[in-house]
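Both complexes below contain subunit A, partnered by subunit B and then by subunit C.
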Partner chain A sequence: MEIAVTENSGVTILTPMNERLDAHNSDTLKGAMKESFEAGAKNVLVDLSNVRFIDSSGLGALVSGFKNSVSHRGRLTLSGLQEQVRSMFELTRLHRVFEIYEGLDEALASFAEGDVHG
Partner chain B sequence: MGRNTIELDIKVPNQTRYLSLIGRIGDALARELEEEGGGREVLADQLNVVLTEAMSNAILHAHDDDPDKTVHISLSISDHELCIRVFDQGRGFDLDAVGEPDDEGAREHGRGLFIIRCVMDVVTYRRSKGFNVLEMRKKLR
Partner chain C sequence: MEQKAAHMTEDRADSALARELETARRIQLLLLPEVPHGVLGVRIACRSIPAHQVGGDYYDFFRWDESTLDLVIADVSGHDLGAALIMVETRSVLRAHAYRAGDAGDALSMLNELLYDDLTRTELFLSMFYAKYCTDTRLFSYASAGHNPPLLLRCGREGCMDLDADGMILGVMKGVTFEEKNIRLQDGDMLVLYTDGITETKSGSGELFGRERLCRAVYAHRGAPPEAVIDGVLAEVRVFSGDGALQDDISLVVMKID
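Coming up: the complex of A and B.
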């Protein structure tokens, strides 16, 4: 799976380019989040706006990224959840674990303000 | 077989690259169903995720990701009921041992069967004629 990596005001933005995030490709995202935190990034945003479908492996990869953020004293936020993706977060109650923003701008603004909730 | 019943029997190599194909077949099938006053978007998403979860469970857990094995899926859908069966030749698992995900602990694994159980009405796993069968049924309204 292709993941676009960009920087914006000290935030590393990871954007999966595929419509599906499943057991076939979720390890790529898991690796990209791990590499970012290990390379010293403190603020990582995963922009899910291209992802129309997520399964339990995709959710598991994001949980792994969340754990990396905690162990590196960093911060991981998500944005751009489409309908199916949002419903999977709610079904598995993971919406209570992650910091989720409607769009990229809101997520970036939260980093600028240094917001941490959860 | 009823007038509006569709049955599909699919065999694919035991490889995760086919998850997308199987999921999309489920999605397309749900959209073929007639429903008064609206589409079948929710059912399409549900069928997509259930097929993806059941198939990846067979590929990765029952068949230990062995690319030479085959996953067999049968789908039957009528006006009133949807039935999906996924056959594997693995060592099997205890369906009752699979609990609910722990949101506080945020574990990485173990949500697949939970998702299937949330979406489908009846889920069973049994040994039959040399295969394990994960059978998932849902009433359609």
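Coming up: the complex of A and C.
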């Protein structure tokens, strides 16, 4: 899976380009988040706006990213959740664990303000 | 000549691997329980079909006495050999500790603490629905760790109710508590516990089978015995998926109250 990696005001933005985040490609995203934190990034944003479908493996990759962010004292936020992705977060209650923003701009603004939502 | 020999070695390795996977499949299916006997006033059927040789789905029953039964269904993230190993660990841990849990929420909290380190190391998690049913009082108490809400079909009523209770999937955080809910069941009620392989089955055009279709399928077969309800639902899922190949593990438990 292709993941676009960009930097914006000290935030590493990872954007999966596929419509599906599942068992076939979630390892790539997992690896990209891990590499970012291991390379010293403190602020990582995963922009999910292209993802129309996520399965448990896709969620697993994001949970792994969340645990990496905690162990590296970094911050991982998500933005651009489409309907099916949002409902998976609600079913699993993962929306309580992740900082989730409507769009990229709101997520970037939160980094600029330095707020941390629960 | 050398190339031919290399192919033959590869073929032998492939068939050895296929045999080992077949053994793993057979053993994993044997680890799933048969329906519990000797519980008064319920009829149960259950089925699990892995998408590949082995999978991450799990269900179980603990019959404590003739009027007390625990039902559990779970889904480990992924559906490969790794998920299957965690499924087996979950089963062992739960079977060893289930007797200690006071209620359904306790069972999930306890399991989350016991499995957390392994789930973190293996980067996996699981969803689980745990219920305790007392046939004397007909009280069905349940808790959920981010699992698809089971469907309850009330006798004489249209449609399905979702049995949802608040709780996070297992393996994400320690110290999680789970909401415990209760509902009193009646004669003719039917409960359907399932894993998301059913609702996430895709049609040729990419549409998902979904909760509504499952509800309609179950409702259409509501008069049939539990085993036939499962057959009916699976037949509809297969027709919907077109080519018949499963994309994810599928498990179903159907319980009817008599």
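Worth pointing out:
By definition in this document, the second predicted complex is superposed on the first by the 118 of 118 C-alpha atoms of A that agree within 3 Å, B and C clash if a C-alpha of one lies under 4 Å from a C-alpha of the other, contacts with A are read in each partner's own complex, and residues count from 1 in each chain.
FYI, a contact is a pair of C-beta atoms (placed from the backbone, for glycine too) under 8 Å apart; a residue touches a chain by one contact, two chains touch by 3 or more.
Because the structure is predicted, anything quoted here is derived from the model rather than measured.
Touch criterion met: A:H24 reaches subunit B, while subunit C stays clear of it.
Touched residues of subunit A, counted separately for subunit B and subunit C, are more numerous for B. By the document's definition of touching, of the two partners only subunit B reaches A:S87; subunit C does not. By the touch criterion defined above, A:S57 reaches both subunit B and subunit C. Contacts of A:E35 after superposition: neither subunit B nor subunit C is touched.
In the superposition on chain A, the residues of subunit A touched by subunit B in one structure and by subunit C in the other are 23, 55-57, 59-60, 63-64, 66-67, 84, 91-94, 96-97. Per the touch definition, subunit B reaches subunit A in the complex via residues 16-17, 19-20, 23, 45, 48-49, 52-53, 56, 59-60, 101, 103, 106-112, 114-115, 118. Against subunit A, in their complex, subunit C makes its touches with residues 75-80, 120, 123-125, 127, 146, 148, 166-169, 171-173, 196, 200, 208, 248.
Touching subunit C in their complex are the following residues of subunit A: 23, 30, 55-57, 59-60, 63-64, 66-67, 84, 91-94, 96-97. Interface residues of subunit A facing subunit B in the complex, by the touch rule stated above, are 20, 22-24, 53, 55-57, 59-61, 63-64, 66-67, 83-84, 87-88, 91-94, 96-97.
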